[in-house]
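Take a look at the structures listed below.
Two complexes come next, and they have one chain in common, subunit A, joined by subunit B in the first and subunit C in the second.
Presenting the complex of A and B:
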């Protein structure tokens, strides 16, 4: 009697709510403080790689999405995080079509980590590890090719800024804010256009322009509570972790200098803090996707993109 | 080497341009320059004006920060250039001081011998050389070559690449127009090009565009393209070769047109990584190259929002 064949079918869920993310991370991240600290170093590391390889911002954004997504379903280990980040960059180069040779990326990543002499053996074993991590990242993202291929935060800041007829300065400020946003886990929560809108709203408030109107949401096909939730997330980051932000060093000369007080002032004028609809802690544990830590021993693991296919499969199994 | 050898080698370079010109990327050019005898301090953004395939996308234009005079980062990457063929830019830079006259004559003669469909790489190469020499303009040899050879022959080159009444050569028109416009609108090189020459060039391009329009109009009405073929019958292999070249050029350009040139950390010693990543010039390029939200973008937003909603499974 042959052993039963195990197959796992997984619906792709590229975006998760804040509670869902926190709940999932309790499986994989033991030390949140270290994880968050390392995230800042990783952003710096990836930025250096992007500088040397002449990669655009969208590659960086996608890499950060992959890095954070990986750690939702795979344990966080401090020693490995740079290698994982390198693998994220390689994958994101393919996803956004800014192709670079793996050899180049791998060699550079070792050089930045202060390895001067790189033997072919070291490089080969690194590449092997990078490819193994790559498949894990792909599984963590459920092989969802629809996400992060065409739509990116920085491009949408310009697109939305132009359609709403914002000033160049406001959009530039939003673009600067968007770099800090990569440090947060909001990129796992909502699609890039929503983030772009939240950064524009904040930039608009910082410049006292008052061009972001209640009607703006509809024009952009946006959901108000989502945009506002992200807006508050970003503003809370600036208030609570002002020392960690890069924005303060790069404010364009003609804009009022920023400070924690300024952000608190803006926040107080924006009304009560809005959060997007979310699950309670009681309900979350019924969500199999988040509850179970990933088990890669199942023989067949399939990922699908739509709920309809899931229902069809379910029905087919019931009818056997 | 003597004149004859120089010419022969240059002809070989010209004949292999279609393979070598596209493979060159900017960091290779500047890293090779440090080994040549030229004293040129050629900034990387000089090649942005005419990129690998001669086409100009606004994403390839960099800010005119005069501080970026040196080559890009000093990191070492394995040499990827094809060592079978000579790098044409390097070859010219190494030898032009002694042989510029030979090279110039050679270039035009070879161009005349080529079929009109095959002349495009040489034209791109020609404009690249003009750009390179211009950046070394303080050197009197460069100035002499530009003023006495390269610039006066521009009309001849233009006529070779776009002969009159030649329908086949109209495929060269878009790229030639880009090359000419970039040269004349740059505000830098154009100052040393005499105005009557500039007018002549522009008129030539305009005339060809009108010619093209006439042909298209005739086609619309009569479904026929009739012309006296100025360049004789064109062989099938030539056409295939040209199609291959175009395809290759397009492929190469797609490999690099997303590149973002930022000032490297070696040129600005005190800059932090975030400072370099948040360079205002980069945003300016983005601003200039991206248009306002379109209906398609709105559709993308809606699709992503619904994907996200399904994903939350609330």
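Presenting the complex of A and C:
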């Protein structure tokens, strides 16, 4: 008798809570410190690639989402991380319609990593790897193209800033803060418009403009607690890791000097920290989607977007 | 869990995919499986496959093909699509199928409803042709093949004009425009409408240069008067200038067409893209209000027993 054919059904969950992310990363990331350090290098590496290839911020943002998402379900290995990041950039170029030839991206990726003489064989074997990783990234995203499609943080900063009639300086500062946000887990937690709002709120506070009002959350119908939760995530990053931020090197001339103390002052004025309710480890343990690292050896792996399909399949199984 | 889908018969092969007919075991429904050739492209996963998934996930409409499922099997990417046994090209070419003005109206109505849905989701299809208008077993037209589709670009984004199958390509694309709109899809529908009435391709250019010749000979060369600055396109000066066809000439070409049908066609085949009808104007045209009413899709006999 032949072994049974295995099939796996995965429901897309494009955004996860903080605890879900931490729990999932336990399966894939052994050394969190190294992972976080590498993530900063990867952002620099991808930024350099984007700059040289004249790619916009949205391509960079999407590739950072892919990079972090990939490591929720695939093991983190220091030797491979630049190759994975390159593959993320290739895919994000396709995703946001800023297409570049793989040859150009791969060659530049090797050059930035100080490989001067690049043989055809080296390039070909790298490309082969990049294509294999590309599919894995898509699997980590459940082939859910609804995310990072038409909606990007920088574009929403401009849109929301215009609606709220914020100064150019405030929007520019929010745009700079949004670059630092790409280093954080928050891009796996909430969609870009929420992040855009949180960065604008912080920029408004840093410029001491006081134009962010209780009614500002109503633009796009955002959930106040969710925006504030992300706002505190970002401000905590600046307080706890100011040395790692890029903002301090790029503060526009018209803005008052920014320091850790300034962030601490803003935080204290904002009152008690807002955090969204989260799941406990006990709850997450029963979630098959997060409980184990992804098994790519299953013969058939199905990716669905609708909970309805999941229920139908569940009912069908019960009726067998 | 057991395998959900089976592939039974290969029915087509394109540059980036092989299409199979198959069955969904849980429901015994017929389905089509598009197996993407993941490893055979020099730039990795083909853009067409990415676009197809990206846009079909967004577009849920009775006149747009449904993407039922996506699965990886033996490291191949497979798209499970709704089973649609025929298309308008097959129907037009099959001389044993007889269709009338009401049937054409029904097909146009369904096509435009699908296009309206695509456009209101800020997507350009960019490859409309009879071959991409598939027909379900109960006669419903469904827009398919979103491999060339893209979201409406920002004002500074530059687009390629090398889209849409040649015979259905709008004049702005023939001129090599780097910025264009939903109007390119409407032009294609206009050409398809003419083809349905004539039962032969209306503007069959042999190559890209000939396509301009064929298009402008049939419909007149646009001038700056009705399309300001058209003469600034680099290829404009090489063109032979033809006058637009008179109403009588159009009546002779399309003998069975009513005045409203001719207005409808001319609205879609307007040279100036800013004056061309949009999907809403097409759907609200008098052509759909006059007799005969559109046929019930299930009553159109296109399948052989």
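We take it that the second predicted complex is superposed on the first by the 320 of 320 C-alpha atoms of A that agree within 3 Å, B and C clash if a C-alpha of one lies under 4 Å from a C-alpha of the other, contacts with A are read in each partner's own complex, and residues count from 1 in each chain.
Criterion: a contact is a pair of C-beta atoms (placed from the backbone, for glycine too) under 8 Å apart; a residue touches a chain by one contact, two chains touch by 3 or more.
These figures come from a predicted structure and were not determined experimentally.
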| item | value |
| --- | --- |
| Fit or clash - subunit C, subunit B, common subunit A | clash |
| Subunit A: partner with more touched residues, subunit B or subunit C | B |
| Subunit B versus subunit C as contact partner of A:304, first or second or both or neither | second |
| A:163 touches, of subunit B and subunit C: first, second, both or neither? | first |
| Partner chain(s) touched by A:176 [first = subunit B, second = subunit C, both, neither] | first |
| Partner chain in contact with A:17 - subunit B first, subunit C second, else both or neither | first |
| Contacts of A:223 with subunit B and subunit C, given as first, second, both or neither | first |
| Subunit B versus subunit C as contact partner of A:97, first or second or both or neither | both |
| First, second, both or neither for A:150, with subunit B first and subunit C second | both |
| Touched partner set for A:50, first subunit B, second subunit C, both or neither | first |
| Contacts of A:288 with subunit B and subunit C, given as first, second, both or neither | neither |
| Superposition clash, subunit B against subunit C - the stretch among 43-51, 151-159 or 169-177 that is involved | 169-177 |
| Residues on subunit A lying within both footprints (that of subunit B and that of subunit C) | 97, 99, 103, 146, 150 |
| For the subunit A and subunit C complex, residues of the former touching the latter | 4-9, 90-91, 94-95, 97, 99, 101-103, 127, 130-131, 134-135, 138-139, 143-146, 149-150, 299-305, 309, 312-313, 316-317 |
| Subunit B residues within the subunit A interface of the complex | 72-73, 75, 77-78, 255, 258-262, 264-265, 272-278, 280, 282-283, 286-287, 290-294, 297-298, 300-305, 307-308, 310-314 |
| Parts of subunit A lying in touch with subunit B, wherever the complex brings them together | 12-17, 20, 44, 47-48, 50-52, 54-57, 60, 97-99, 103-104, 107-108, 111, 146-147, 150-151, 154-156, 158-160, 162-163, 168, 171-172, 175-176, 179, 190-194, 220-223, 226, 246, 249-250, 252, 277-279, 287, 289, 306-307 |
| In the complex with subunit A, residue positions of subunit C that touch it | 1-4, 26, 38-39, 42-45, 47, 50, 53-54, 57-58, 69-75, 77, 122, 150-151, 153, 157 |
